[in-house]
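Below: a set of structures, written as structure tokens.
Note that chain A is present in both complexes that follow, paired respectively with chain B and with chain C.
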Partner chain A sequence: MTHVLPHLLNGLSLGLLFALIALGFMLIVGVMELINLAHGSLFALGAYFAMVIVAPDVAWLGAAGEAWLALPLSVRYVLAILVAPLLVAVVGMGLELCMRRTYGRKAEYGLLLTFGAALVIEETIRLVWGPSERYLQVPQAISGAFLFAGLVYSKYKLFAALFAMAAIALVWLLLERTPYGAIIKAGAHDSEMVRALGINLTRLRLLVFGLGAGLAGFAGIVLTPIWGLRPHVGIDAVIPAFLIIVLGGVGSFWGAVIGGILVGLAVGVTGAYAAEWSLLSMYLLLIAVVTVRARGLLGKKSALEA
Partner chain B sequence: MTKRVSSAGRWLPREMAVLLVALATLPLWIEPVGLYQYLGVEIAIWMIYGLGFNLLLGYSGLPSFGHGAFFGIGAYAFGLFQLWAFESLWLGILCAVFAAFVAGAVVACFLSHRRGIYFALMTIAFGQVFWFIAIKWHAVTGGEDGLLNIPRPALDVGLASAGLESNTALYCFVLAVLAAVLVLLWRLVHSPFGKVLQAIRQNEARARFVGYNVWMFKWTVFSLSAAIAGLAGSLFSMAQQSAYPDVISLHASGIIVMMTLIGGGFVSFWGPVIGVTVYFLARDVLGTLTETWLLWFGLMFVVAVLFKPEGIAGAWQEHVGAASGRSRARRALAGLLSTGRD
Partner chain C sequence: MERNRTETRLSRRSVLKAASALSAGAAMAFMGPWKFNRVHAAASDRPITIGLTSDASGQYANSGASDRRGMLMAIAEFNDRGGVLGRKVETVHIDTETTPATGSRVAERLITRHECAFLVGAVSSGVANAISQVAQKYGTVYLNTNSSSPTESGKNCHRVKFVWDGNGTNFAQAAVNNAISTYGTKWLLLTNDYVWGHNTSAATRMLVEEFGGEIIDEILVPQGTRDFSSMLLKVQQAAPQVVAAAVGGDDQKAMRQQVAQLGLGDSMAWINNQQDWPDVYGLPLDNLFGVFGTTWYWKLDLPGVAEFVQRYQAAYPDTRMRVPGNVFYNGYMATRELLAAVERAGSTNNRMVIRELEGLKVSAADRMQHDDAYMNPATHQMQQTIYLATANHGTEESDDMFRILSQSAPDQVRDAAADAACSMESLDDTPTYEM
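So, the complex of A and B:
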């Protein structure tokens, strides 16, 4: 059975990354009851923003760009990881402003609108950065490989898993240990009561959407060195995200984390034995779980079902 | 209002006649206006697909984001039949429709007790399953390249036989199929069955309380819609002489949603017909002007969802409705679109 362990570890780290992708999606679906199909495009956008910040086009910026590129890569990388998600959050807030017109109508309109937004963002990326594969440089310190128990592991994958854990922990702290988290959860539970208590729900939604979009961008930055960067990389992110949310239960924080890890394990372990079919396993997992438990593993009754 | 009833009861309403005449004369005028014969084939095939899809989206209010799967299954089934069994038009199409129907029926078993967003999510998941199978099962589907060199079998009607190698001949055949689908669906949506579908869209719980077996209706309409997508898919594999996984992707499944919605599938029977035409004209006309035509089409879609979810047909109805009572001619034109839905 020693053969299984590396695959389990691999699956676990993949699962943490999947959970990271699903986090922002979970926040938006939990509070706003909106399936954000643009999540994947925001994910890609975050990675592209980071790429521009790490290695801007010198011809464009002139001397300032030269000076910026002279800085060590790690400094630029840290800045990218801080600033790019903020930029994505701004884009997300813009999307939320458009979304307001669909509130109060059938939930499908939100779905359709975000689908259109996904297409627009993806095509804009294609227009600005071209259709070919791009790369995001990462600092020397977290690239390369290391040996552990006689097996080679990618150093970056370890760091990515740590990033994911950090983000999960931060979101947990925000949701469970701050008054903002209490408001967010209350907003998801009973928006009218929250409004009646004098809380500005409109602003709350804007901020939550921004936060969800920012998390999508952050996930994009973390995942890109592993997945590569193409305009349509978003589709590889949004599908697992929604799958994990449905699997874990809509609006449940731990549902998203557990769902992510389960999907990661399923993909990792099947990947070891039938690499061609590894991604299929997550759909089969979803269909199996949802057939038995209609609301997912930890889901409660949601307004989305009406 | 009285006109609606009479038109709905007819086998060949006036707008359908107008559409069919326009399409039937298309081989004569499409090249002079600067387009090409094959475009007509594509538009007609997608109209069949869109009309079938709108049974779900527009009539039953069931947003399927994985419908490309059934289109693809039809295309593959037709191709495999020609390549593995023997060349036969009718049997190939039958096989495609049956395969898509069976796949749809199985998927519908998992979907029919779901509503709204959950329904949409499950259709995405199933669509992706079929997409993966198409890409990975090399031995059968040919992987990412798909099936190549699918023949266009001759049209055999008893004693007579006609080749479909030329695009014009194929267009005539596809148009005949489209006409049959139009008539059948028109009758279907104006039948008691169609009324129940609309009741389910408006309020599923009430439809159930009235005593309809909602699960059964949803299962039936999903399977039927899948079978029609399969029919369109089989024609598509004939047109392309190949079948490939692109048509199953989430992207392609989303495009049919966009087409149907932009055209006005929510309010009119003719929504998908308009939407498909607009999409392909946008692709060919905008496509010659700019490489990023899909960006503009996407923006158009976003604007439509935000400001006019009733789509082009809805805008037209309103425009005509505002002027009604003043102009009889306009009212007659309104009939073109408003008869689609009560």
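So, the complex of A and C:
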């Protein structure tokens, strides 16, 4: 058991990070019934925005940049974590404005538009920041390693899992304990009724898309010190995000969280004992769950089901 | 009368036979046997077109850009001197997307539509292999500039393909014996689960066992792995003295970052097969752990190196990478030697160029390496100096990231297994052309 325990704990922390990646994706699918293929690009954009806030190009900003860099890294990092997701949220809202012409049409229109947006965002990143590998500095306090039961663990990974838990808790509070959350959930359940009750559905969609994009950006910032930063890093995020929401049940908050944790455990434990199966394990898990329960772990029952 | 008529009358069958023979003869005369039918404007003023088959997207996009810059600088230098055989050299680039299937399509298009005389470029071994199969079909000389799977000059060798980078076996030869005596005999292999990783780790395993070491475990890393924490925990539990990692591309970047966070780079010895310059340039030195191989470094204390760096900086003043690396170097050297071979051959005829390249010898001074280099005619791999390096922590200069630890002469690191595995097509079986 002592041999397995580190891998279970590691899988759990990995699962929380997967859940964080899927959270924004889940919100947009739940409320707008739209698969946002630009989720990964927004994830990458958040990391790049944070990189610029933490370490801006002095040659471009001049004295202001030097003054900014004189601030402690921890201050710049905290500001990056707060501001970069907001900037990504604004980009997401811009994308939602473009989406409006596709509402009420076939789902392919939305898919194609978000796919196109993903390509545009990734290419813009490449043009602005170049194709090469970049990195996001993190404060000394949350980097490095610690020793536990004879093994070395990453301090940052622990903090990343805590960040993920905080984000999950905040989204849960928003959905369950605020009137906005009630409207979002109602919008996901029956958008026509929400509109009939006089609620501005257009604004709701705008805000939900912004929130989903902001969460994608936040996940990008948290994951970058682990995965590294390159223009196409978003592809690494969008596939697990899609898989997790199908596994957990489309539109279900706890489905996304539990799905993320299960995927993390599967990848973490197979990574230790049959590493060559570690990536495949998440797909096998999905097949196993969907075979038994087509709507995912906590998905809503379809009207077609008896 | 009747008899005469019978003698002179042409039967339907004989007419058909004659027509068929005539058609076949005409077709032969028009097209020639397939393998001799591509002769276009040789000895004319028409530019020589080279197809650049480098990645501009996918996990080797960055290295592909560096590779391409090397090729373009070599071509620009020839054009500045009046071209090759009095003809200007032009290029067509199509993104191979770090995808073998795209590599095949791109090669087909460059050869048949753009009528490229030669193809140059590769970082991924899978892509290089796909391109070379198409190139062999048409007889088009192809330079694999930067992919380093031993299979490229081993079982996947081709008469038209020439490999310019050191391969996994060369780097393992340079590192293993030394590392066993310095760090210990208990080794663990971290292997990227695809052709390059498997072949490189197999070469390392063979050498470790040959020099008295022991492989205590091998962890297969699927391509696309971004979280290495479970594997790194397992590495700690196994407690090897040396970890030999054959993990490449974006996987390697993610792994390096996570090893650095854990400080494992200092607590056990790491042998990383090869470290491409574009993959590490601009990153913190902490990420550059262990010992790794390279074919060239911009700070080698050799004649011509500083001047080469200046030429790079003049040619690419706006590039973020302020100094050239091994990928650029290989792209440049391969292209330069190809064009020089065309000049020596006095023709773009592929068979003449192939013969020139098979007999290629380049002095150490010309290569800006420590030893003379030569093309192995049996495998078509350039035999060259292999360097071992580590992170250079004792410098103020941010671009001076490597500290060269040792160099091995070509024959010390020769990949004998490739000689045995390579069985290439004969020159007579290779279609010929002249552009």
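Just so it is clear, the second predicted complex is superposed on the first by the 300 of 306 C-alpha atoms of A that agree within 3 Å, B and C clash if a C-alpha of one lies under 4 Å from a C-alpha of the other, contacts with A are read in each partner's own complex, and residues count from 1 in each chain.
In this text, a residue touches a chain if its C-beta (ideal position, glycine included) is under 8 Å from a C-beta of that chain, and two chains touch if they have at least 3 such contacts.
Everything numeric here is computed off the predicted structure, so don't read it as measured data.
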- Record, for the superposition on chain A, whether partners chain B and chain C clash or fit. clash
- Message: Going by the contact rule set out at the top, does A:Phe242 touch chain B (first), chain C (second), both, or neither?
- Response: first
- Contacts of A:Ala67 with chain B and chain C, given as first, second, both or neither: neither
- Figure out whether A:Leu279 sits in contact with chain B (first) or chain C (second), or with both, or with neither. both
- Message: Just to be sure I read the superposition right, which of the two partners does A:Ala288 touch: chain B = first, chain C = second, or both, or neither?
- Response: neither
- Task: Figure out whether A:Cys98 sits in contact with chain B (first) or chain C (second), or with both, or with neither.
- Result: first
- Task: Report for A:Val128: first if it touches chain B alone, second if chain C alone, otherwise both or neither.
- Result: neither
- Looking at the overlay, does A:Ala182 come into contact with chain B only (first), chain C only (second), both, or neither? neither
- Task: Check each of 79-87, 97-105 or 331-339 in chain C against chain B and return the one that clashes.
- Result: 97-105
- Message: Can you give me the overlap between the chain B contact set and the chain C contact set on chain A?
- Response: 232, 276-277, 279-280
- Using the touch rule from the top, collect the residues of chain C that touch chain A in their complex. 57-59, 61-62, 65, 193, 219-222, 224-231, 233-234, 236-237, 250, 253-254, 257-258, 261-264, 267, 278-284, 287, 320-321
- Note on the structure: Listed in rising order, the residues of chain A that touch chain C in the complex are 3, 6-7, 10-11, 13-14, 17, 130-135, 143-145, 151-157, 225-228, 230-232, 236, 267-272, 275-280
- Message: Quick check on the complex: what are the chain A residues that touch chain B?
- Response: 33, 35, 98, 101-102, 105-109, 111-113, 115-117, 119-120, 123-124, 126-127, 232, 235, 239, 242-243, 246, 276-277, 279-280, 283-284, 286-287, 290-291, 294, 304-306
- Item | Residues of chain B defined as touching chain A within the complex | 61, 63, 65, 110, 113-118, 120-122, 124-126, 128-129, 132-133, 136, 250-251, 254, 257-258, 261, 292, 294-295, 297-299, 301-302, 305-307, 309
